[in-house]
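Next come two complexes, and both contain subunit A; in the first it sits with subunit B, in the second with subunit C.
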Partner chain A sequence: MKFLILVFENIARNPVRTILTSLGTMMLVLVVTLVFTVLTTLDKVTTEKSANIKAIVTEKWQNPSLMPYSYAAGLSDGAADPNDPNAIHPQDSMTWGFFVGSTESNPAKRGYENLFFSFIMEAEKARTMLDNIDSLPDEQARPLIEAIKKMKEFRNGVIVGEGRLNKLKKRIGDRITVYGRNYRDVNLELEIVGTFPKETAQYTDSAVINRDFFETELDTYKAAHNNKPHPLADKTLSLVWLRVPDRISFNKMTEQILTAPSFSNPAVKCETSSTGISSFLDAYRDIIWGVRWLLAPACMAVLALVISNAISISVRERRTEFAVLKVLGFLPWQILTLVLSEALLIGTLSGLLSAALAYGVINGVWGGLPFPIAFFPKFAVPINCLWWGAAMGAVTAFAGSFIPAWSARGVRVSDVFAKVA
Partner chain B sequence: MPSLEACVEVHDVHKSFKRGSEVLDVLNGLNLTVNQGEFVALMGPSGSGKTTLLNLIAGLDRPTTGSIRVRGEEISSMSEGQLASWRTRSLGFVFQFYHLLPVLSAFRNVELPLLLLPLSGSQRREQVRNALDIVGLSDRMWHRPGQLSGGQQQRVGIARAIVTDPALIVADEPTGDLDAKSADEILNLLVELKNSLDKTIVMVTHDPRAAERADRLVHLEKGRLATQ
Partner chain C sequence: MFSISGPILFAAAPWQVFGGSSPILQGIFAATGFLLLVLLFIGKVPLSYNLMNLKTRWVTTLFMVGSFMLVIGVQIGLLAFVNGMYSMTESSGQPGNVMIMSEGSTDEAFSNLGFADATEIETQEGVERDEAGLPMVSRETYLGISQQLTDRKTGLSKRRFLQVRGVDGPAMSAKVHGLKLDTGGDWFSDSGVREINAAGDTAIEAMLGAAIARELGNDRSDEDLAKAKRTDRLDVGDTFQIGDRVWYVTGVFESSGTVYDSEIWTRQSQVGPLFGKSTYTTFCVRAKPGFRKDQRTALIAERKKSAEEAYQEGVKLKQADKTAPTPKRQSVRTEYTEQEWGAELLQHFFATEYKQAAVSPQVEQAYFANLSATNVQFLGMAILVALIMSLGGLFGIMNTMFAAISQRTKDIGVLRLLGFKRWQILVSFLLESIVLSLIGGAIGCALGSLCDGFTANSIVTGGPGGGGKFVVLRLTVDASTIAVGMLLALFMGFFGGLIPSLNAMRLSALKALR
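The block that comes next holds the complex of A and B.
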């Protein structure tokens, strides 16, 4: 502890250099924090669980999956044989279709700012089955629960994420017309009844519309087109989500689904949500590999070099001081520790500050890191970043300063005061 | 008068340096005894070996052959760690260019050697204040070296040298970078340390006026004692 004053005074010796080193460290820790934010979230959702498993049923041979809605009832029950008392029934289920459109009627003016992406689903399942919302306490999910109640009242109700509401410049209570893009010529008149809880940034650009309302709209389309159904009318079921308690139940239910004759044309497949998301992320495999194994290590190497450079300059300038310390009785390891401590202090504090700023600003101001990939428009910076930011700063500072510190340790008093007099 | 107990005993010391393929003999069988409480000035032309001798006495370098004893301790055979510890406890070093750490106040500079000793914060503070009192700089203890004159910086250097109460002080041209008035003050201070605190002082100097203040003048020439 008594040496700390020396460490602090030395750091304050050249404020410009210390601040520049610190800023360099903060910038690189920020980049790696953002990279880790995306990677850890993807890792988390693609890690297989052993309990409380969510399964996804999709079309086997086609991507995107477009199954007939007639599959919904059977699949939602896990294709359980009603006559088999040992059949596995899922604990909960949810069907998904996707309706993509725009609030802009003029196709030439359609763009990201007026884009509308929604899940066609049973509204009440937004509370019990959507990832992260299903684990929220009622207190935090209250606005969504209220919105779901309203959707039962207003069949054309829609829940829209905060980010999308802002982009569309709409508020709860407003009405919008959405012009279908994947369901061409299906235009929906919707009333915004609520938004997602602010803790679930991943849905900030998404929306939920009622399944039965949408099916009715397809009937309306049919009536308006000489009883000719929409080309996608029999392909509105993209995914069925099923919740099972454990892996044994999952395996048995998968067998039920795959062997059921009702789901053979088109054929379906059943996988855990983590496997499903992994398959979906396969398209991004190379870029994720590059980010994980090239970008992040490169940032850390550059960070180590920045610190190494600053500490090397400092050590070169202070050779005489180290020699004086040795004359006073300081041991080589004490000088090594002194130099390493300076670097560690700068690295650790800068890393911690950078991570704290990333956590506060990105989550608090932006509602998450906007990096649209798969179903994740935004990634919330995890609280863990506070320790990994500090640790990253510390580790790279240690790596970068070790050689300069070793050189300081080896300063020979007789060389510094060399005079053959 | 100095007591007759030997403080520094240099016996048959040889020191040579390698410069490329050439071997340079700097000290050649040198013998010297400095008594406890004695103030000895080392003089000689450039290259005579006086700073090399000073470094050997201070345990900053080792003789090629021969032995050096300080207050009975054989320092020429000590390990690096033992020497460092010995320097902290038993030696004060005064540099020509003061070599104070510019980022630290006078107080912190003087405190540096005490950080290596098992002392409490209050003990350290007391010793530092005493040392600064002795050199007359109590009122400047929180000034940084850049805010002090050359003479004041050298006094801080002397306070740092005596703060651990060592028996031996070695000074390498302590007045070499000072004007005549400041040099005189520093020499008075060294004499005072010798007289009132019974310190043994070995000082290298080029200045005959500085050497006159010592109890004994030792001349070196080509690595040997010329006169005592």
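The block that comes next holds the complex of A and C.
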């Protein structure tokens, strides 16, 4: 205990140095926390599961996938042959199209602030099939459940993420007109009926509109254009999500889909969601590699240098003090431990504080780290960052302070007092 | 791929920065240079004293320089990546070209144009003709393709996104896009297929962009590489596989630094049916430079009027609703080269007067400039990381300088007794910090500039719902990147040294010597 008090007293002796070392540590731990937030989320979504698998069916060759909506019914049932009793039927399914537009009528003034990005889907599937929402307890998903009920009442209802609502300066109950960007000249009159649960930051910039409503709007477009359908009218189905219990079922269902003649023009492919996402992320592999193996280690190295420098200076200044401690009976290893403990305490606490602030501010204020890579608009800082932050601070503090601490251990009483004399 | 151009660029940086970089950077560098000169020559600072201290405390000096070096080195790498993305999107597109897509399409991927449309468009007056009198129009079917392949390291199956462009006349299309085949290459044949062995197996003929030739070349097994003509990329005569078909390389384009470096070109009639897209997606048209020369002033006036109307509308909206975005006057470009004028007027003609088909025309350079949403995201992230790392570095430097001053309190007292003024003490310590930051920054820049010329995969997009292209880009370290790196170093050195130096300045001689 006395030893610990001594460590605290030593740290408190030079508050400017302690604060500056601490601030430097916090800044660099913050960068690594941000990097790890992105990397761990990507690692998580690309890890293959053995049970409760989600499969994605998309167009085989072309990207972006644009399949006819006539595929939806068959694919939603896993292309199961109705006459085959052994056919695999998915436990649940969801179809996705994408409608992107702007709430600004003047094309010249359209930008990120008035952007509207939505999934065209069956509203009730937002609860049972959307990643992370499907695993939420009913209590947390309650606002969404209510919103889905309203979407069944109002066909033009829309669920909008909180981040997007704030950017559009709209509230639940407001009506908006969205001017189509990918579906040019398709403008939707929508009524905001709800938002996504707070716990699912990845949907904060997204929206959900009713599939039926959208198909009706395409019919309206056709009627208004001399019976000429919209150029993308037969390409409104981008993805079909299917849930199966295990890998055996997934393999069997994939075979059903790939061999079904009704899905050959255009041909489709079926893969697990993790495979699909990792294939998409492959385009970013060099960036991810650079961030993982260059940026993060460089930050750690700078951090170690900053701490090492601070501790080295401190040790040089305190040579007389260490000599006195030795005279008082402190053993070399106790001096070593004293210096290491000071560095570890500053490093660990600063790392923990930095990570805690990142967790609170980024998740609480921004609703996640806004780095729209691939189809992830925001990355929620995981709670695990608290121990990463502390561990990073501790490891770099240890690495940076070991040599100065070793040098402190070797201080010779006779040398120091000879100089003093 | 190591390139010597990095260090050369680094060495040439000061001249390039003052010669061709942005006026802001020039101003900042000129001001910094002036400040240093003033500090050095007018301040009469005890430089020999500073140098002696740096030598004596060489470990601390080394650590400080090392911190600067690492922080700046990482920043240069990040900026080189973003710079590469910007270079690619900004340099893509010929000045006189107009891309014509179907009405309602914002990107090639969503466009559908009929065969009959091509003939109509080619006969328009504003379309340039080549020496043989042929219309300079490239008929194209653009496809984003998923290529199934096996990872050489893990043995697992994976997919890669590729851009395949089916064209009718390879020579004309290359001419319109300003692309040239590398030595030994040839256009694909009229049929677009060829036999590749005695058994009569056929392969689809293709021409590859320089970057995608390198990327696909990495898929080869060690055995294939041992037999290959070139190990760094696929070359004429090599084959690769997409789907069930083998593809034969008839030529590789010279590197153009554009998104076309990442594309595979093949005959439209082969690739369209193969991937279920039988229609054209794009007609890329070269405009006559003098087309409707007399209407240039009217076009600018019309654009100015439209911009003013949009602004007034925004003002009204703001007056009615205080929460509405503050309107900004859009600037209307008025200066163009002859080729660009041709493209602007031809685009205007197709957008407003052409009635034979419903089309959506875009000036090619503007189309690629719009594919910069990803660039903005990455630039934002690079700036954020740079700022946080710089702050971390700054606190470290400040710490070291505070310690350096506390160790040299007596020295300061002696200097004051020798007649050095307070502000000269300030300058002395500040210069020490700045010089260390500049040395560390310079080494960091040199280190970071080694990444110049490396290639990296990425995607450029125009934001959600817009087009996206998988690209292999070249990391680019140029004078501006170096300048930004040095500015960051300077920022850390100046602000890191300022507060400790002010502390040193405030010490009285008596107090310091006590």
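We adopt the following convention: the second predicted complex is superposed on the first by the 418 of 421 C-alpha atoms of A that agree within 3 Å, B and C clash if a C-alpha of one lies under 4 Å from a C-alpha of the other, contacts with A are read in each partner's own complex, and residues count from 1 in each chain.
FYI, a contact is a pair of C-beta atoms (placed from the backbone, for glycine too) under 8 Å apart; a residue touches a chain by one contact, two chains touch by 3 or more.
Fair warning: this is a prediction, and the values are worked out from it, not measured in the lab.
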item	value
Which of subunit B and subunit C A:Glu317 touches, first, second, both or neither	second
Touched partner set for A:Arg13, first subunit B, second subunit C, both or neither	first
First (subunit B), second (subunit C), both or neither touched by A:Asn63	second
Touching partner for A:Ile5 - first (subunit B), second (subunit C), both, neither	first
First, second, both or neither for A:Leu331, with subunit B first and subunit C second	first
Touched partner set for A:Val413, first subunit B, second subunit C, both or neither	first
Subunit A: partner with more touched residues, subunit B or subunit C	C
Shared subunit A surface residues [contacts with subunit B and with subunit C]	none
Subunit C residues touching subunit A - in the complex, by the definition given at the top	59-60, 63-64, 66-67, 70-71, 73-74, 77-78, 81, 102-106, 109-110, 112, 143-146, 158-161, 243, 275-277, 306-307, 310, 313-314, 323, 325, 330, 360, 377-378, 381, 385, 388-389, 391-396, 398-400, 402-403, 406-407, 456-459, 463-466, 468, 470
Interfacial residue positions of subunit A with respect to subunit C in the complex	16-17, 20-21, 23-28, 30-31, 34, 60-64, 66, 98, 100-101, 106, 108-109, 112-113, 115, 117, 169, 181-185, 230-232, 265-267, 269, 278-280, 282-287, 290, 294-295, 298-299, 301-303, 305-306, 308-310, 312-314, 316-317, 371-373
Touching residues on subunit B, where the partner in the complex is subunit A	17, 24, 26, 44, 46-52, 55, 58, 60-61, 80-81, 84-89, 93, 95, 99, 101-104, 108, 112-113, 115-116, 121, 160, 172, 204
Complex contact set, residues of subunit A against subunit B	2-3, 5-6, 9-10, 12-13, 320-321, 324-332, 334, 413-414, 417, 419-421
